[in-house]
Amino acid sequence: MDILTLFIIVPVLTIIALVFSKGLERTRVVSMIGSIIQLGMAINLVFAYFKERAVNDGIMVFTKDVVWFKNFNIHYNIGVDGISVALILLTAIVVLAGVFISWKTSELPKEFFISLIVLSVGVYGVFISIDLFTLFVFFEIAVIPMYLLIGIWGSGPREYSAMKLTIMLMAASAVLLVGILGIYFNSNADGGPLTFNILDIAQVNIPEAAQKLFFPLVFIGFAVISALFPFHTWSPDGHASAPTAVSMLHAGVLMKLGGYGVFRVAMYLLPLGAIHWSWFFIILAATGVVYGAFSAIRQTDLKYINAYASVSHLGLVLFALLTLNKIAWNGAIIQSLSHGLLTAMFFALIGMIYGRTHTRDITKLGGMMKILPFIGAIYVITGLAYLGLPGFSGFVAEMNIFVGAFQQNPDTFHRVLTVLVVSSIVVTSVYILRLVGKIMMGPLITNDVQDLPRATWYEKTGILLLMIPVIGIGVAPLWLSDMIMKSLEPFIQGVL
Amino acid sequence: MEKYIFYILSVIIIVFAVASVSSRKMLRSVIYLLFVLCGIAGIYFLIDYNFLAAIQLTVYAGGIIVLIIFSVLLVHHIEMELEMAKVSRKILTGLLCLLGLAVFLYTIYNNDFNVVENQVTTTTYDIGAKLLSYDAGGFILPFEVISLLLLASMIGAIVIAKGRKLNDKNNEAL
Amino acid sequence: MIAGISIYEILTVTSILFFIGIYGFITRKNLISVLISIELILNASVVNFVVINKYLYPDMLQGVIFAIFIIAVAAAETALAVSIIINLYRQISSVEVKDTEIMKY
Amino acid sequence: MNISYTVLIPLIPLAVFLLLGLNSQKIKPAISGYIGVLGLSVSAALSFYTAYQYFLVDGKVDDVYQTFVNKSVWMNFTETLHIDIGILIDPISVMMLVVVSTVSLMVHIYSRGYMKGDEGYTRFFAYLSLFTFSMYGLVLATNLFQIYIFWELVGVSSFLLIGYYYTKPSAVSAAKKAFIVTRFADLGFLIGILIMGYYAGSYDFETLNNPEGSVILNGASTSFMGLSVITWALLLIFMGGAGKSAMFPLHIWLPDAMEGPTPVSALIHAATMVVAGVFLVARLFPMFYFVENGFALNIVAYVGAFSALFAAIIAITQTDIKRVLAFSTMSQLGYMMLALGVSGYDGHEGVGYMASMFHLFTHAMFKALLFLGAGSVIHAVHSNYLKDMGGLYKYMPITNITFLIAALAIAGVPPFAGFWSKDEILVAAFEHNKFIYYIGVFVAGLTAFYMFRIYFGIFWGKEKTYEHKPHESPLSMTIPLMVLALLSVVAGFIPFSEFITPDKVGFEAHLNYPLAAIATGVGLFGIFFAWIFYKNENSLSDTYAKAFGPFYKWASDKFYFDEIYLFITKKIIFNLISAPIAKFDKKYVDGTMEGIGNKTILISNKIKGIQSGKFQDYAFSFVMGAVIIALVFIYLWTN
Amino acid sequence: MNFSSFLLMRQEMILLTIILLLLVAEISLPKAKKQSIVHLAIFLFGINTIVGFFAIETSSWFGGMFHTNGLIHFFKNVLNVGVFILLLQSADWLQEKIVDNNKGTEFFILLFSSLLGMYFMISAGDFLMFYLGLELSTLPVAALAAFEVTKRISSEAGIKFILSAALASGVSLFGISMLYATSGSIYFDDIITMIASTNLTLLGFILFFAGLAFKISLVPFHFWTADVYEGAPISVASYLSVISKGAAVFILMILLFTVFKNLMHVWENIIYVVALATMFIGNLFALRQQNMKRFLAFSSIAQAGFILLGLMTGNQLGTATIIYFVMIYVFSNLAAFGVVQAISLKTGKENMNDYEGLYRTNPNLSLVMMLALFSLAGIPPVAGFFGKFFLFTAAASKGYYLLVFLAVVNVTISLYYYLLVVRAMFLRTSDQAIPYFKNKLYMKLGLLVTVIGILVLGLYSPLYDYIFELSKHLN
């Protein structure tokens, strides 16, 4: 069996096993085993990738091409490069962590884990697809379980949030669909057959007019899921209502699909469009960075803070992509990984705090460090990592982005935007420290919570799973960045 | 001569048609319809389709009108006056119909018909032969199908009209 | 062929008849009256077929035969409609159009 | 010279940090104290050995101190632009190694006594180790980016240590303030680095600082708003340095930082971290000096001078002894900046640079001593405020003596260390810029005055009633005091100009007697006034305070800078930016999205009427639809 | 005319035979055994369905009045499968409510007559056969709609349907007469060669189109749909929305792509506007429906709008995508109606809020419903997604990007209301949730087949390739 298709097969098998597993305990164990296998495969993939890369210098490796709908020239065409490998690893980690964190789910647990794994199938699928059609299929598969996950297991205005999220994301993918069709029908510009194959289309000179027309569609279609300002409002509500593991997966993995898609489809296939439109979208992205950060300052709900923080951080990813520069792109990918891990960690911690105190309102929390030392310490560390402290992944990502943004386009417009974006690091530290200072430090707000249950083994495992790569990337980024940089080579050609 | 007959028939058709859709008495309305149908039969006679005229008179005047009269009698007192639509509705509908008529007539009058001068007389035999022929230009298949159609409508009509067996289980009329 | 009468005039009459039928269909307040209006509409079409056959394509009998079939179908349709109307009357003792409006929006 | 072993200097504290940090719940406090001290002793020993090797044995080739670099790539941007992590040994980094090691070791030892019984004892030592590691990394940095990395790390250790008493709201807010203000300054630093990276094409100090290198020679080629981009970069980098070194107007975090435990104040907020800004300017000195004829350097000088004066004035009015020391620190840092600002490059011209480093060195010793002494006092009376102190000389003799030595040193009384370094600064200022010189002299007087004000206030004056009878601190605390006191006495005799100069060629420094006499006189004058005002409790000080009227009030309220910042953060950022944005988000951005949905449903409800249930209406639509389609597509829209 | 020609008409022949056999059975079956008429009908129709899968050759009989080829044969198979599923799903209802009233046989006869009418309509080679097929498929359905004679809404639905249908066929006939006037023949083959883009032809075409649009429920000819679906028995509503609509789409496609090919420059604009109107109106009305039948009625209107997108191409691609979509639509909509039917039969509840908490009590039914709705909404990996995607691809292939864009906007709106049902079933819990019940075998089978269809049709690409191959018959 081919190494990438396994990423679809194994989760599907897990789902089937889940369907037939009875009882809460068994459900948990089955999903845990399934996710551990996925993680194992992901780690194996990293090593296999390096080995393969040494002998194979194609854009994608481990490719496999099966004709699906031959009349449309739709193929089941898969393959990975360094970027996908990194993101697949991220997904596997976050999924496993998510399974651990939601260990205690008791309402309809089977359905919960099934939905979770369906979601991960979609995400894996997007990352391994080379064919636009399959990519789109998996993209939608990844979105729709969110409705159930938030709607059934969520809290607060869950029905509203779930609906809002689904509708906005689906509206975006509707726009995307038009864009994809546009690309498809221009893929014969050089006389070849119509094709959905990304690598083939990239070789085609799509007419400039078409590129200009379809780039915004594809870009917005993907970027909405990355919470592009002003299409981000599904994100705070969605996150606030979602159960912990879902927030983790959503912010940690699903929102990465946006940046990935922008990069893989919009930028790669429509480079002229990208150059033409970048000034406009870069304003939106930069606005999002600052705007999200400032919004986060004002929020009082922990999850809202994080959601707006994600708007800000993913804005940074989009910003980096739009600077059309290799260093910044490298930063964007690393930022995707870093944000994925960190935000998942944050949501996990918030879930733990909420599970113990039953509130996410920061005005009702204080001095948690005293009673929850492990969670508190990790929270502080996560916060510091989030605001881009050296030694953690966020720093590496941000520095790449900033340096990259400074390298390209030395005109005043881009300079001003870059400085604006860079200054968001201060605002970030404001809200992070406000958060840490308020809920972890300071006096205990209520005295009747002297004794809360400490972190359990599954919570610790989940957290450590996420923490290790954060520090790993932060301390030794070179291998990762080399892997990504090399894979970026063919992609950057088009926009230079 | 034929010309004037045609005009007279046309006037009959149109006047009684209007009367039929505006009469406040149900039964009269049906009778006016009968006049319209007879007028149309007259036109068939005029253009020498006697068989068709006969069918018009028997099926329509003899069948359908009777059917309608039956139903009228079943559901109405003869004297009962019909409720009329609101004036605004009438005007609106009238305007719509005039607009439609204008479009139709404008289109028709702008079309060049390739009129073939002929005095061919169609006999009943011709029609019968066509109806039973299965060669090109024959109509045996529709003829069979319409029998099925009539059968189906008959069954449908009967099954609905035959009345209900009072059955508790089904007594959930609104 | 009617001497002195062109096809336009006949088509005018049928068009008028057609729209009178439509007018009746929309404005009448009684189901049976509506049925009557339908007969007008159908008759307009029937005359059209016959006249077109006669005036334009006299050597084939397609129009005439079509007309015969329409008349037959009209009869079937009317019968079915009447049966439904009667059934309705049995339930609500009314054949008014306004009593068939409980399902809406 | 083989410098590979120097890697161990930062790595040992790191190892200690990890060991203590990961096991903070498990390791017994006593043991963790020993681990911390032991680890640092090794590092310190290595540092001293390095200093000895470098300065006295084989650091010099042809009278020029060599730069030794040992680095590896950490992060690649392009072929030429990359971030390295490594070690750079040159005179100032070695000197800083000594400073950091000495003070840190003393503070470690001191803390074992001071922090005894605190529940976060292990955590405290972990943080200290983290800080020390970061500081080593900072001073040994080979390039701008590495310095930025460790810059941030010292910032975070500072944050953690200020917020050490995390249940105390004031400590938490002080920690936040320190972090955010310095982070704001670091923003400038970062942008400066980015500009530098783009226009200079390198982050490496060796490349950047080379006076014959392309960076300095072509530095003025690209200009932006009238200044060379490199100057802009330097100014922005200086902004980062000013933030860390508490230069006006980014100083506001420093007084609040005194919420941290006193050893922390001694180590971080007096001796080591706060001088990072000075070190940074010194590190880039050739660029500051050469690019656009030292425009940026002038700015440094004036900012330093103003900060020195400003802080000294505020220091006079403060009643919290740690705050007085904090403002004093700020003032002395201003002094150092000022010295750098008036320095030349070649030979004797570089006296300012040398003096600045010299002062950095001596200041570290006596200011650490002052803080530790103050800590000892606070330990004894459980209060930070002058009003709770008085007449402690009889209870705490060692503290008294060592504090006096430190006070004399900072006041510039010969032969204590401060005299020598301060004198060189004034010489440099005198030679380059008279105006700055006058400020310097005035500040010297103020310094002596406020320092003795608190000295007399603490140890003399009227004895207060104490809850517990004050007693001398334990040996673990007094030994560091004595060691540092000794250093404060002898440090001035080190022939600094032999070792540390901008061009790395030593020169002979000699006392300028008239200037030295003036400086000493002013210092003694200040001490004299303090003696009059504060030796015994009297109302003179109040009278004079009244005489200054509102000015005194302003100064004691720190010229309302805290309020201004509070205004900016609370009112502007929080209420005028964040709140409207949050509201805008809810109301308009979200509102639009919601609105689209709601409008759709509204339309849906509005048009429900056309499905009226009347089949005749349906027929109407049917016919109308057909007619309109016919009309439109046959006659109106034909193609 | 020989035996082999009867073989080529075997679908019609078998169905006719079934009708006659059922008549015989009605007469001969003792009263106590009346229930078995349902089994008999399903069995016989099953045979018909299976026989349908044997390939058929292209041929034309009765002087061009009756065409058949692989494609038309495939249409009939789709309809057969649909009706077969429908029968499975309605079996319980028939046994409980209809056969008891002695109306079982009549139901089947009417239903099969209507289906036979569709066969003829699809196979028609002239307007007369088309007209008769149309009427044969419509009139019995009117009777079926009014079948529950004790229910007022059933009668109301019946009368609305038959009167509206009569009007529609009247208008349509007038149009056909105009077409006859301009082309001189009612045979399609003749018209193809004769047709010219004169105004009278266009008017005739538009009137004729209105009649067919009525059957497909295109805006503004759609108004009867919701009322009739609501009033009619669920099986009949299901039949109307799936089989009847499917057949009408097929014949419309055949006529547009062959007979009216020359008028394409006109009808593509008409279709454009009508498609948009249909999607928007259907969706906007569906948003606020509470009654599931009405809800599905408007949903099916919107779906019809999507189907029109495929017509815009006028080529093999369009044909293939439309057939493919209709086939998927048949399965999806039948699944949805099947669930509604099952619940309505057991509890009499048809409103959306009655479905609250359904998943907790009847997980399997809820899952079927969810799959069906996702398929209708076009969510991968269920079949509906592929159907819609290909339709959009077809429209985009002609450069109608704006239309595709507006269509996908509509997909989003439709997703909203489909999710409302999912919300009721999955997200909500209710004290008065419909209690657990077991379905009988037929219903289970009926739902199972639809589910398999929904899951497999999209992913199994050879099917599409096969349809694409068949589509060349039309172009």
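Assorted remarks:
So that you can tell them apart, the chains are marked A, B, C, D and E in the order they are listed, and the count of residues begins at 1 in each.
Everything that follows uses one rule, which is that contacts are C-beta pairs under 8 Å (C-beta built on N, C-alpha and C of every residue); 3 or more make two chains touch, one makes a residue touch a chain.
Just so it is clear, the structure is predicted and the values come from calculations on it, not from any experiment.
Among the remaining chains, those touching subunit A as well as subunit C are D, E. Among the remaining chains, D is positioned farthest from subunit B, on the basis of C-alpha centroids. Comparing each chain's Cα centroid with the centroid of every protein Cα atom identifies chain A as the most central.
For this pair, subunit B with subunit D, the centres built from the Cα atoms lie 101 Å apart. Averaged C-alpha coordinates give centres for subunit B and subunit C that are 4 Å from one another. In terms of their C-alpha centroids, the spacing between subunit B and subunit E amounts to 30 Å.
Separating the CA-averaged centres of subunit C and subunit D is a span of 96 Å. Among all residues of subunit B, those that touch two or more other chains are 93, 96-97, 100, 103-104, 107-108, 113, 137, 139, 142, 146, 149, 153, 156-157, 160, 163, 173-174.
Among all residues of subunit C, those that touch two or more other chains are 18, 21-22, 25-28, 34-35, 56-57, 60, 65, 69, 73, 76-77, 80, 83-85, 87, 91, 98, 100, 102-105.
The residues of subunit A that reach two or more other chains are 167, listed in rising order. Contacts between chains, counted with the stated touch criterion, involve the pairs A-D, A-E, B-C, B-D, B-E, C-D, C-E, D-E. On the subunit B side of its complex with subunit C, the touching residues are 1-3, 6, 10, 13-14, 17-18, 20-22, 26, 29-30, 33, 36-37, 40, 43-44, 46-49, 52, 55-56, 59-60, 63-64, 67-68, 70-72, 74-76, 82-85, 89-90, 93-94, 96-98, 100-101, 104-105, 108-109, 113-120, 122, 126-127, 130-131, 137, 139, 142, 146, 149-150, 153-154, 156-158, 160-161, 163, 173-174. Across the complex, subunit A is touched by residues 25, 73-78, 81, 83, 145, 148-150, 152-153, 156, 159, 163, 166-169, 171-173, 175-176, 179-180, 183-184, 187, 190-191, 194-195, 197-198, 569, 573-574, 577-579, 581-582, 585, 589-590, 592-594, 597 of subunit D. Within the complex, the subunit C residues that touch subunit B are 1-13, 15-24, 26-30, 32-33, 35-37, 39-40, 43, 46-47, 50-51, 54-61, 64-65, 67-69, 71-80, 82-87, 89-91, 95-96, 98, 102. Of all the residues in subunit A, the ones that touch subunit D in their complex are 164, 167-168, 229-234, 291, 294-295, 297-299, 327, 367, 369-370, 373, 384, 387, 389-391, 395-396, 399-400, 402-404, 406-407, 410, 418-419, 422-423, 425-426, 429-430, 433-434, 437, 440-444, 477-478, 481-482, 485.
Of all the residues in subunit D, the ones that touch subunit C in their complex are 608-609, 611-616, 619-620, 623.
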